[in-house]
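Here chain A shows up in two complexes: once beside chain B, once beside chain C.
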Partner chain A sequence: MFNLIPFLINGLTLGLLFALIALGFMLIVGVMEQINLAHGSLFALGAYVAYALLGPPLPLPAGVGEWWAELPLGLRYVLALVVAPCIVGLLGILIEQGMRRTYGKDPLFGLLLTFGAAMVIEDVIRSIWGTRDYILPTPDAISGGFIALNLIWSTYRFFAAFAAFVFILLTWLLIERTRFGAVIKAGAHDSEMVRALGYDLAKLRIAVFAIGTMLAAAAGVIMAPIWGIRPHMGVDAVIPAFLIIVLGGVGSFWGAVIAGLMVGMVIGLTAAYASEWSLLSMYILLIVVVTFRARGLFGKKSILEA
Partner chain B sequence: MTDRITRRGLVKGGTMLAGAAAGFGTFYGPWKHNRAYAQEGKPIKIGLTCDASGMYGASGRDELRGITMCIDEFNANGGVLGRKIEWITADTETNPATASRVAERFITREDCSILIGAIHSGVANAITQVAEKYGTIYLNSNSSAPTEAGENCSRIKFVWDGNGTNFTMSSVKAAVERVGKKWLLLTNDYVWGHETSDATRKLVEEAGGEIIDELLIPQNTRDFTSYLLKIQQISPEVVAPAVGGDDGKILRAQVAELGLDKQAAWVQSQQDWPDVWSAPDSIVGIFGTNWYHKLKLPGVDDFVKRWQARADADAIPVPGNVSYCGYTAMRETLRAIERAGSTNNIAIIKELEQLKIPAADRMQDYDAWMNPDTHHLQQTIYLARRNPNPVDDTDLYEIISASKPEDVIDPEEGKLCKLAPYEQIPTVDG
Partner chain C sequence: MQTPAHAGRLITPAMVGVALVLLTVPLWIAKVGLYQYIGVEILIWAIYALGFNLLLGTAGLPSFGHGAFFGIGAYAFGLTQFHVAANLWVCLLGGILAASLAGALVAGFVARRRGIYFAFLTIAFGQVFWFIAMKARNVTGGEDGLLPIARLPADFGIVSFDLTGNTALYFFVLALFLATVVALWRLTYSPFGRVLSAIRQSELRAAHLGYQVVLFKMLAFIVSAAFAGLAGSLFAMAQGGAFPEVMALHYSGYIVMMVLVGGGLVSFWGPVIGVVVFLLARDLLGAVTLTWMLWFGLLFVAVILFKPEGIAGVFQDLRRRFSRQPAAPAQPAARSTS
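So, the complex of A and B:
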């Protein structure tokens, strides 16, 4: 019998990472009721932009690229964590401009549009960075391993889990503790009333979509040193993100966080005790939950269920 | 009313019976489709079933470079039998179902008379089944599951890479004797992983070692922390991973990050060059390969220069084992067509079954030959580790041994492979 504690700790960190991956997806689905299938590609783009900032010197005007490369890696990493989401957020605004024509129409239009955007983004990635893999360099302070419980653990993984916790907290504060959050939630609930009160709903939607895509990119930057960077890495993110949203209940912030933690815990524990079931376990968890509670753990009750 | 059998009734009944027999015969087989594409001056068409995405996407694209380089070289010299060679490719997505559809389309709609390419053994097996139905020659250039020339062998298929057992045989005995007897297997949960780990298990036990655990790793695993924690708790002396493609790259990176290769020895079956190149800092333990661009052998430097001259911007700076296998598989088959003087599939198969390649031509240390009973090319197997004294950025391997083909023959292959007689193979004339 193995010592269970390391696997519980691992499950918790993995769960936080999964929650981070699902966070941007949750925000757009929950607040705008739009499924953003480009989430995975935006996640990948975030990782690639970070690589551009942290990898080999950029082809910038004389001296600028060298100046950037000479900055300490730690500083560049922090800047990448800010700059990459901002650049991807601008792209998010562009996608939202296209999506607004689909609001109030068949949800299939939005799905198709974001699916198309995902394919375009992935092809742009291939044409700029090629098809090979990259490893995102990380500062020494958060690289390598440390010993605890007589085992070697990855320092970066704990940093990533902590960063995930911070992003979750900031997103919660934004939605639950700010006037902006109150207005976007109200807009999702009754858009006409929000308009009548003088708020520009179009601008609010742009802001939500941009924040959602920025969160996707931030997750990409944080996960890149663990997963590696390759053009199709978005697929690895969008599938668990979708699953977590359904499991937690569409529109529920804490549902997504708790579902992420549950998925991480289930994968972590099954990998230890029945390794061949580790990836399958999250789908089994989804089936079990949805069988008994079709709207997910914290999803709102549908009028059809009344 | 009499039951007399009249002549008219007999003819009618006989005709109906003959018709029914023909109909049922057609339905139940034998399914022998004879195809003839060959026309003077018409190009020979080859279908390149390479993965361009998915778990083995990077390797598939490198394989494509080697194959197309070979075709270009032949075309520059007038083609084969005075006919140009055309090729077509489609992404098989490292997915057997997609590969099956691609193979079917290449044969039935594109009139391809030869198929080549696959890294993933499930993909290779799917293509084999389709090719077998039509009698189309299939060159498994890079998939190294022992089953490919074992129970899944086929008269129409030729396997060009070393298999998991070949690579394992080159390393296991020495590792059990010199490193340790307590082994742990990390197995990618699909055909190649299982077959390679089974071969390792057998060889370890024969050498007096013990398998203390086996962890199955689902395909597309991205986080190996649970496995690495478990390995640390079990404390094996040797870890033998059979984990390929993207999964293998990520595993190695996570092992290297934690320095776990210093706690136990990591003995790996085969590392494909595109996987190693993408994460050179994460080379751990010892591993097998069948070719390296810095082998001091005739023809290697020239091959590397020719490959570099036509490489696209996205290519790795130097060719590796995957591109090499694609190139040589295509080259030997086109040469076999020249020798046979025909594009008839049976004639080509018979030529390939007698194939012998001198070491200098093969760019390996020892002569290679095609086993006519399994259609598996027997070749030099190298053992390598990270190069402590590289001469340039691409010099990542230190070759530590070169095993003769006869020393690493898979003993099970010949027992399991049953090739169909030539008469049962549908004829194809490309």
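So, the complex of A and C:
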């Protein structure tokens, strides 16, 4: 019997990161009951935009480019974490403009629409950046590693897990502790009543979609140094995201967070015994849970079951 | 799907027309700048798409992991060839059986689900099979694929046809395609197919009428997986190998795209139209731009937004306009509210 603690810690950080990846997807499906399959591509786009900001100098007009390149990497990193989600959020608004035509129809149409959007975004990424891999530079303060328990740990991984924790908390505060969140949730529950009370539901939906896609991009920026930036990262992100939502139960915030941690733990622990097959464990976990609990762990009844 | 004319027949005028056109394809395909192999590929994917549409268009069950059965058919074809017998019929049977068994296994889990949850679970199962194909290197060859799969001769006892040439393979696949068309036409407009249609319109109502909806959904799933397995077997033979790529989420999505763009929701022939458009777009757009999927993706988005009935739906509208019939009431595209 060897020491399982490193695998547990790995699983925990991985779980937080998975929850972060699923967060934007969860927000949109939870309060709007819309499946955003473009989540993964937006996640990837966020990472690529961050690379454009932090990587080799941009072809900007003289002066601006140098000014940008001379900023310290730490500041540029923080700015990238703001700018990339904003750019992706604008794209999210564009997708919502198309998506709104499918509201009230079979939710399958939204899923298909965003699948098509995902294909388009992936090809846009491929035509701009090609198919090679990139590495996102990180500030010195959070890169490198340290030694504990006779093992080398990556500093960035812990920073990323902490960032994931912060994002989860902020999202929870937004939807559970603000007026905005209350109206949004009420809108998903009874849109007619919310409109009758004078709220502009169309604008609220744009806001939710924008925030959801911004969270996807932020997750992409944070995950980029861990996974590397490559065309396949979108699929690598959207699969765990949907899996975590179904596992946790559609519409349940803490269900998604717990499911994220569970998936991370299961992958972390199976990695101790069969590292190559560890990703298979999350699918089996989902199939087993959903076989016995059709709505996932904490799911409520939703229109998606129709 | 509206009931077309000749729904009760075994062979319809449309089938004869399609067969005659397809029989002449080898004569002119090279002259229009295409090549023989694309004909083979289109027919194989058309078998796959027609089988898939029994599930999506007729029964209203959106499977997003169907690539798995296509891939399993391909691997089973190769493995039967290597380890059991290098006989075309045995290998085809192996491919179909393996895909049907995998289909039955998955159907056991997903048949009680509907709509989005059905789609989610099929994604998960599709990923499981894809993952196994990628990682079980000593069986499947992993990412490199299972190689080399031979194009076995079609042996009829007295005569044996060599299928190594693309033209010969084209005619063989065409025969199987026509058999698939006849079989699925009969199935779609049989009492079995009617029940599937009823389940699409309202599962609850079908159940209350006394139909065992879970059983019907399982059967539809298995039949559809079997046709995917047949197509996969043929694809392995055409490509000379079986590769995990077709099992990935993207390819499972492509088959949905093909069927919907062609108009599988409103027409029996929709999936075939979709396959032709998809593969020709891949080759023709792919020749001028590396990002052909960008344009096809935009077309797909436009179809979903403005014309969920697809290309076949446009044809039906035009025909209605010219025959000056009063417009039929709008069909619920996938499944009406239940």
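Operating definition for what follows: the second predicted complex is superposed on the first by the 298 of 306 C-alpha atoms of A that agree within 3 Å, B and C clash if a C-alpha of one lies under 4 Å from a C-alpha of the other, contacts with A are read in each partner's own complex, and residues count from 1 in each chain.
The criterion applied here is as follows: a residue touches a chain if its C-beta (ideal position, glycine included) is under 8 Å from a C-beta of that chain, and two chains touch if they have at least 3 such contacts.
Here the structure is a predicted model, which is why all the values come from computation and not from measurement.
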Determine, for the superposed arrangement built on chain A, whether chain B and chain C clash or fit.
-> clash
Touching partner for A:I135 - first (chain B), second (chain C), both, neither = first
Determine, under the contact definition given at the top, whether A:T178 touches first (chain B), second (chain C), both, or neither.
-> neither
Could you say whether A:Q97 touches chain B, chain C, both of them, or neither, answering first, second, both or neither?
-> neither
For A:T291, is the partner it touches chain B (first), chain C (second), both, or none of the two (neither)?
-> second
Touched partner set for A:V120, first chain B, second chain C, both or neither = second
Touching partner for A:S275 - first (chain B), second (chain C), both, neither = first
Interface residues of chain A shared by chain B and chain C, listed 276, 279-280
In their shared complex, at which residues does chain B touch chain A?
-> 52-54, 57-58, 61, 189, 215-218, 220-223, 225-227, 229-230, 232-233, 246, 249-250, 253-254, 257-260, 263, 274, 277-279, 281-282, 313-314, 316
Across the complex, what residues on chain A touch chain C?
-> 35, 98, 101-102, 105-109, 111-113, 115-120, 122-124, 126-127, 235, 239, 242-243, 246, 276-277, 279-280, 283-284, 286-287, 290-291, 294, 304-306
Quick one: which bits of chain C touch chain A in the complex? Just the residue numbers, please.
-> 62, 109, 112-117, 119-121, 123-125, 127-128, 131-132, 135, 248-250, 253, 256-257, 260, 290-294, 296-298, 300-301, 304-305, 308, 333-335, 337-338
Of all residues in chain A, which touch chain B in the complex?
-> 2-3, 6-7, 10, 13-14, 17, 130-135, 143-145, 151-154, 156-157, 226-228, 230, 232, 236, 267-269, 271-272, 275-276, 278-280
